[in-house]
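One chain, chain A, links the two complexes that follow: it is found with chain B in the first and with chain C in the second.
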Partner chain A sequence: MPENVLKVETEYSDHIPSREEIAAMKAKHRVLATYSYEPSTIERGYNSRSLYISVGGDYDTSEQDPLTSSAKGDNGVVIGEKAVTDLMKDKFTGGKGFDLYHLWKSVKEDTHWNAPENNVVISPGPLAGITQYAGTGKSIVCSISPLTGLPFDSNVGGFFGPFLKFSGFDALELQGKSDEELIIFIDGNAHTISVETAPDESIDSHILCEQLTEMYAENEADKMNISVVASGRAAEHSYIGCLNFSFFDKRRNCVRIKQAGRGGIGAVFRHKKIKAVVARYRGVHGDSNNPVNKKLINDAGVRFHKQMAQLDTKQNNMRKIGTANIIEVMDRYDLLPTHNFQYGAHPETPKISSKVYIEKYVTQNVPDGCWYGCSMSCAKAADNFELRTGAYKGSKVCVDGPEYENAGGLGSNVGCFDPHWILEANFYCDTYGVDTISHGTMTAFAQECYQRGLYNLDDTEGLDMRWGNGYALNELMHQMVAGDGFGVIVGKGVRQQKRIFAERFGKVAPEYEHMLEGQAWQSVEEPIIDKPIPTAHFNKHLVDCEALKDFGYDDEKVLNEIKGTSLENAGANNDSAFIAHPKRWEKIPGIPTISREEIADWPAGKPYYSDDPVCPYTNGRPWVKMTPEQVAEMEEFGMENKGLEYSEYLMKESLAQQGGYALCNKGPQHDEAWLIFMDMVNNQIPTFEDKAEALHYFPMFRTWFGLLGLCKLPWNDVTPVNNKNEAEPHKFPEHVQNYFDIYEGVTGFKHNEASMVRQSERVYTFQRVFILRMGSGMREHDMPPTRSLGPISAREYLSREERYDEQLLEKIGVNPADMSTEKKIEVIMDYRKDQFRQLVDAVYKRRGWTPNGIVKLEKLIELEMDLPELVRIVRPHLKAEGYWPSGTEFAKYDSM
Partner chain B sequence: MKKLVANSSKCTGCGACEIACSKAFYKEENREKSAIRVTANDGGYNISVCDQCGDCIWMCSAVALSQAPNGVVRLNKKSCVGCLICVGECLRNFFFYNNDLPTPFKCSACGICAKACPADALSISE
Partner chain C sequence: MSEPLIQLNNRPYPFKDGATIASLMAENNYDFPSLIVKVNGSLVDEDSWHSTVINVNDNVEIIHLFGGG
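Up next, the complex of A and B:
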C-alpha cells in the first residue's frame, strides 16, 4: 500500500500570483452584465434549464429556443435562461445531445467556425456530478470546428461540469463575439452570473487558472470550489485550440487542468475573445445530484472502488501512470504510430515507456482523479518539471500527463524518443491551448513532407523538420503563439497544410526562373536528404534509469540494429530548433499578385503573390504551386479525414479500426470505437457483418458516455475477475450493469442494452444528419487517406515484408516470389481498398443508411427522430439516390 | 497507536457493541450504522473493526482523511464528499457506509463499545 501523501512538495511559487497582483487585476475589470437567478432542485438528473450567454455581436437568433428570462448589459452582452424541455430529455438525453441540439439551432448551413453565431456549448449530462462512481465528472463541449467545419464534440474532466450543474444549469451556451477580453463568472452559491472585461490576466492556461482561482476563491479552502475553463495563446493562431478545465489539487497546492483537446474548440473560444469561464460552487456531497435511489449508486460505486483497489496493480497500473501504461504494449503489438504512421514500433520505445515515466517523472502515491470519487485516478502529473524552452523557460511546472496519446503524438509519431521533450511539448500544448493529438499528427505530416523533399529549409525558415528534434517540436508551438513562422502553417492542421503547401511550396519551373530576377530559390543547404543521422542517442538524464536497464536497452545495440534500415536516416540530435537561418524575402517587382480565385488556374511552377486569410503568415518568398503529382502524393500520407487529424493508434492491420476511424462522425478519433484487439489480435469479429455489428454497438455505447457525463476509462481499463466467463466479455457486462444501476439511481429509469443503444442512436443519427447539413456526411467524406489502409511505400512494405508477403499468399492468393515490391504494394493495396469498400457497405446497412451514407427516413421514424428539420435535410439526398419511400404512410414527410 | 482491540474468541454475539456505537454517533439502535460489526463465524463470532492501519488515507479524493498524532484515522465530515473510495480501499471491510448517511464512517477508537461489551472482548490499546 502506498505511503500516505497528504502534501506533494512543489516549487510553483513563481506563477502563483500575490494577493496584491490579483487585486490590481480585478480592479481593472469592468462589469458588462450581471444576472441573478432562482436556485433550482435537480430532479432525476436535470435542472430543466440551461444558461445562455451572448458576448456581443450581431447575428440571427430567430431559430433558437426562446429565453425564459434574461438581462442585457453593455457591449451587447446578454445573459439568460432557456427551458430544458421534455423533448430534449427524451430525444437528446443531455451532454453531447444537448450541445448538438443547441448548436443546430444556432448555426446555419453556411456558418463558419469564426462566425459570431457559432456556439460553444458545454453540458455535463444527467449523471455527471455524482461522487460515488469513478469517472462521473465529465463535460462535453460542442462547436463548429475550424478543422472540419462540422459539429464537433470533445469530452473533458475537471470540476466545471458538475459545478455548472449544481449551480443550476444543464448546459451553457457561449455565443457571439466580443471586442474586449472577457471573463464570465458563475457563482453557484450566490446564484449570480457576471460578464466582466479582463484586460490584464494571462491567456495561457497554467497562469490564468491560478490567477482566477486565487481571485474568485473566498479563502484557501474555497479554492477546491473553483473551476476555470480557459484556452491559450496558440489557440489564437492555430486551428487546433483546446479548452482546459481546471480543478484545484489540494495535495499539490496548485491548479490542475484537463483538456477538451480535439477539434479546435479552443480556437472558437479565443476567437470570441473569451478569456475564461469561472464556476464557483461550495458544498459538493454525495447527494448533490439528488438521486432517486442512492443505494444503487453507492453499491455500484463501492463494488467498483474495491475492484480498483484489488486489481489495478495486477492489471493496468492506471493509478501509477494512467493511460500511458500502454505505450510499450502498443509498441509490442506494432500499433504505436511511428514517423507519421509509417510503422507501429521503434527500437527506442523503451526510452519513452511507462516505466521510465514512473521512475523519473510522474509523481507517485497520489490519487489523481479529475473529479471526486474517481478510484481509477489516472489524471497523473509530473511535478517540478523544469522547462528548457519558450516563454516559461527555467520555470518549474506541473505537467498534466503524459497520456498515452501524448507519448504517441508528441513522441513516436514525430520520432521523438526523449521523455523530457514529450513532457515539455505536453506542457506547452496545454498552457498555450492546443490539442496534443492533432499537434503530433500534423507535425508528423509536415516532417514527412520535408523529408520527402516536398519543401525545403527556406520554407521552414531554417526550422529542423527531421524526426525527433525536441527543440524544433516545441518551437513550432512558440511560433503559433507569436503568430509568426512556419509553426503557424503547421498549426492549421493537415488539411490546410496540404492546401498551403500545394499553393506555396512548389518548385520554380525552368521556364519561369527568370521571374526570380537572379535570386537563388534555395538560399541554404539542405543537410538532411541523403545525409543519414543516426536516430538513437542516449539521453543523459536517463543514464541511471533502472527501468531502461530492465528493458535491456542499449544505445549501441540499437544503433547497430537500425543500421541500413529506414529508421537510420531519421532523427535529429540537435541542441537548437534551427539548422539554418535564411533571410526573409523582399518583394520581387516582376512577379504578379493575383487574387485567391485566380490561384486555381495558375500554372504549377510559376511564381506569384497572393494572400491567404486562413494563414496570413508568409516568409515573403514568392509562392509557387506544386505539380498535381506532388499534391496527390500528399493526399496519400496526410493522416486526416473530414479535416481532423488521426489519433495515435496504428490502424493498418485492423480493417474494423480503419472503419472505426474513417466512419466517425466528427473525424478520426477513437472515442467512437477502438476495435484493434478484438479484430486484429483476438480475431473476434472475422466477417464483415461481425465488424459492422461492432461498428454499430460500440459507437452507440461510447456515445452514451458522452450523453450522460461519464468517462469511458472505468468501463474497461480494469477487468472484473469473472469477465472472461461472460457471454460477451468484450462488452464488460458487469461494468455496463453498474452504469445501468447508476442511471437508475439518478433518474429512476431502468435501462437494458436495447434501450441504452436506442438512446444513443438517436443522438448519433442526429449528428450524422447534422454533418450532412453542413456539407459532409456522405460516402466520399468517409474515405480514409491511403496510408491508413496499408503500406504505401517500399520503406513501409519492406519493414514488414514477411507479414505482407504472407498476406499476399494466404489472403489474396498470389505468389509474391516473383513480384517487385512496387507490384506487391499495388496488389495488396487494391485488395485492402476493396475490403474497406465492403466494410463501408456493411456498416451503412447495419446503421440504416443508404450506400451513400445518408440516414434513411425509415431509420428516423424507427428512432422517433422524424423531426421536420431532419427530414428536410435527408429528403433531397434520399430522393436523388432513389431511397425515398413511396407508401401513403410516408406522404406527410413530403410536405414537412 | 490508539486503537480498539477485539478478541473475537470472547465474543458472545450479543451485539451490544453495535448498538452502543450507533446510538453514540447516530442516535439510533441500528447495527447498519455501527462502526463495529459482529458476524457469526464457524460456530463463533468475528468482530470487524478498524485497526487504524491508514491504508485508506492516500486515496481520499477530498483529502478528508488523516491520521491523528495518537494514530487514529479520522474522517473530516465537513470536507468529505461521500465518494466512498475509502470504503472500497479498505479491503478488510472496516470502513462502512449507509444509504441514509451523507458520509461513510469508521471506528474512531472512542471506547464506547468496549464499555458496553459484557464479555470483555473489546479494549482500547494506547
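Up next, the complex of A and C:
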C-alpha cells in the first residue's frame, strides 16, 4: 500500500454484528435445498453454463431452456444448471444479452412484474473480472420492471458478478416466489449452493451486508472474498427498488455497496422474498478469465493506468470525487436539473459543488475502486457521516457517493442545496433499497404538483412538499419503509402518481359539498409560485447579487449566503418535514364506495371511496377526481417516459438528447446516449441525419459495455493526450482500441467498429422486439413529456427570455417583439414538437424501423436475428402497416 | 455594412477586435477541462489559447469532450 494511502478511521461498530449475534441468526436458518456442482474451466471468458434458482411457486417453465442438472428441495425450491449455447454466445454475447435471453424465455406477453415467473437475471459478461484494466467488474441485471412493465436492464459494480463467474456461472436466474425470507449462498470454492430461510437478518442493506459478510467469511481475511446482493425495506412498498452489490473495503474495515439503481428491480427481488444472494470466491487473479492473449490485456491496462496517473488531476478529478466532479460543470452549462427540470442552474449550486464534498465529506487519498485493478477509483465515500433522521438517527455510517446523479436528483431538482441532506437521502436510498434518480425526479414532480396547488396538506398529512425541504425528502423514504403515509404514493413513481393524484386529489365541486356532511376540508393552498431561477450566466457573478435581485431573485437570506464564500451556513430551507399533522379521516356514511372499473365514468369533483391494489395506502379522506384540465397539466411536467423517471440532465436545449432519452429502449436513462455537448455546445451533429447517426452509434457502443461486463466511465472520463489529433475525438478512439484489445485478449476475436456495433445491435434490436412483445415499443411510447422539449410556463420562458426570443427570430422566423409570453411559448413549442417528430423519423429510419418504430424484417435478417420468436412478434405489425416484404425469399417467414 | 462575424462551433458569432481564444472561452463560460480547439481546421494547443488572436471570418471550433455518466 503506498504511504500516502490512508487507512480510514471509521466508527461503524454499532452496525457491525458480534460473532454471537451472527451465530444466533445462523442457527435460525433452515436449509431448503442444496446443490453441488462440478468445477468448470473458463474458456475465453465463458463458463458455458448458467445457474438457475427457483425460490418456489407455481408457474409455467415449458418455454425455458432445459436444466442439464438440478436438485429439488423443500417449499418448491429448485437449483439447477443450464447450458450456455453457441447460439447464445454468437447472438447475445453475455451480460445484458444473456439476461434478456433468459428473461424472454421466462415470461409471457402478459407477465406483470410481481408474477412468480418474472425473473431477476444477473450476468457479468465475458470480459468481467479482468484485473489489469479499469472498470471491468460490472454486472447487468434484468427483469420486468414495476415502473414500466417492460424488460429493464441496470448495471452495477461491486464484486458479485466476477465472483459468480469465477464460481462457475455466466449468469444467474432468480425465478419464483417464496413464502419465507430466503438467503441464497453460492460457495465458489466448495462448489456448493444452498437456499436457506433467514428470518432474523436485517433487510436494510448496510446492516444485512455486514451481517452476511461476517456470517459467510471463514475469517477476517476471507471477507474480501464475499459479495452480497441485497435491497431494503423501502423496496417492499415502492416501485423504485434498487439492488445493492457489496464488496469489503479493508481500508475502512466495512462493507461498501454499489447500486443497480434503475427500473425497480429491487422491488421484484423483495417481492420474491429474497433477502440476499451471497457469493464467496477466493482466488481471483489476472488469468481468471483464461485469456487467449494476456499481453494484449496487460499492455492496454498499462497505457490506461499511466493516463490516469498523469491526467486525472488536470481533467475530471475522478479519483478525488468521482462523477460528482460535474455538478458545477452542469450548472455552468445550464444543464443541472433544477425544480423538476424547469431550469438548468441555481444560485445556490456552489453549496453542493464537488469542492464542498471534497473538503467536508468525502474521504481523500483512498483508492476507491469497486473492482480490483480500477485505477479510475471513482467509488468515493463519505465516512463517519452522522444521520439526523430515521431508524438510524445518530448512527455514523459510510455513504457511497455522492454520485453526480444523486446531487442532481436529491439536490437541485428538488431544490435542496444542503450537502448534508443530499448525503443523508443518498444513504437512506441505498440502505432502504431505492433508486436515487427516480426518487429525486418523482419527488420533484410531487413537489411541483403541490406548489401548483394541485393537492394540499390534507393529501400529504401535513408533509411540507415545498422545494428544498431536506427533512421531507428523507421523511418520504421513512414512510416508504413503514408502508404508510404520502411517501408510499410518491414511491410508486411519476406515472402512478399522475394516476393516483387524478383519481384522489381533485377538489370537491360546490354541488357535491353537502356529501362531506360538515367535515372540514383543508383549505386549498394558494399556489406557491417559485421564483424564476436565472441562467448560469449569473453564476459567474455570484458576488454581484444585484444582478440576481434585478432578475427578481430577492431572497435576502440566500443572497447573503452566496455572497463570498459563506458555505458554512448551508442549511435546509425548513426545519421540519411537517407543517401540521391532520387527523386520519373517519368514513363519511353518505359517500358511496365504487369499484375501480366505475372510476373512469365517475364525475370530477364528486367524492367517492374505492380501493387501489397498486397503492392501498390512504389517509381515509374521500377521493375526488381531478378535472381533465388538471390531468392534462400534470402530463406536461411529469418527467417520465415509458413509466421510468428521467435521469438528471436538463435536455431542453438539445434535440438529440431529447431523443436520447425518449427513444431509449428501457425509458429515459442516459446510459444509451449522452449527446448534449456534441449537439447543444459543439454543434457537431446539426442535421437530423447527423443526430440519427449519433443516436445509432452511441446507443450501440454503450450497449456493448453491458454485454461484456465493462464500466463506461474509463472510456471517456479521462482524455488521452493525443485524442485531439483523432478524426473523431468524441469517440475516444484510443480507448475504444483498448477495449478491442482486451476483447481480443480474452476471446481471441479481433474486433473493429463495424463488428462491435453489429454485436450490440443484435441485442439492442432484440430488446426493441421484446418491449413490443410486452405491449410497448411503438412510436406512441417514445413520446416525451412536453417539458423535456422546452419551456411550458411563463416562468421557464422568462428565465431564459433572451435565448428563446433569439430562437423565435432566427430559427422560426417570427418577430417576438409584439408577442405575449403565452404566444411565444405556443409558437416555440409547436416548432420544437415538429423538430422532435422529424428526429424520430430520422432515427427510426437509421435503425431499420418503420415510422411506427417496428423493427423491419429486413433488419432482423441483416443482423441474423431472424429467429422465429422475433419474427412472430413483428409480423402482424409489419403487415398491418404495409411493411411486410414481398418476394419468394421472404416466404418462409410467413409460416414461422 | 453587415456586422463582422466569426464562426463559433459552426454558428455565426460577433467578431471582437483583439479577442483571443481564451477570451472567447471566458465569454461563453467554456471552462470544461477537456476541450479541443481548432481555428480554421488547425489545432491550437492549450498553451497558445491566450495568445491566439481571432480574426474576422475565422472558423473557431471549441469541442467539449464529455459523454455523460
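Following the convention adopted for this analysis, the second predicted complex is superposed on the first by the 843 of 896 C-alpha atoms of A that agree within 3 Å, B and C clash if a C-alpha of one lies under 4 Å from a C-alpha of the other, contacts with A are read in each partner's own complex, and residues count from 1 in each chain.
In the analysis below, a residue touches a chain if its C-beta (ideal position, glycine included) is under 8 Å from a C-beta of that chain, and two chains touch if they have at least 3 such contacts.
Owing to the predicted nature of the structure, the values given are computational and were not obtained by experimental measurement.
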{"item": "Contacts of A:R452 with chain B and chain C, given as first, second, both or neither", "value": "neither"}
{"item": "First (chain B), second (chain C), both or neither touched by A:Y404", "value": "second"}
{"item": "Partner chain in contact with A:R795 - chain B first, chain C second, else both or neither", "value": "neither"}
{"item": "Contacts of A:K396 with chain B and chain C, given as first, second, both or neither", "value": "neither"}
{"item": "Contacts of A:M308 with chain B and chain C, given as first, second, both or neither", "value": "first"}
{"item": "First (chain B), second (chain C), both or neither touched by A:I676", "value": "second"}
{"item": "First (chain B), second (chain C), both or neither touched by A:R44", "value": "neither"}
{"item": "Residues of chain A that lie at the interface with chain B and also at the interface with chain C", "value": "none"}
{"item": "For the chain A and chain C complex, residues of the former touching the latter", "value": "314-316, 323, 326, 329, 332-333, 403-405, 536-537, 540, 649, 670-671, 673-674, 676-677, 681-684, 686, 698, 712-713, 715-716, 719, 723-725, 729-730, 732"}
{"item": "Touching residues (chain side chain A, partner chain B) in the complex", "value": "1-6, 131-132, 224, 250-251, 284-287, 294-295, 298, 301-310, 365-367, 369, 372-375, 377"}
{"item": "Chain B - residues contacting chain A, complex", "value": "54-55, 57-63, 66-67, 80-85, 87-89, 91, 97, 99, 102-103"}
{"item": "Residues of chain C that touch chain A when the two form their complex", "value": "9-11, 29-34, 36, 43, 61-69"}
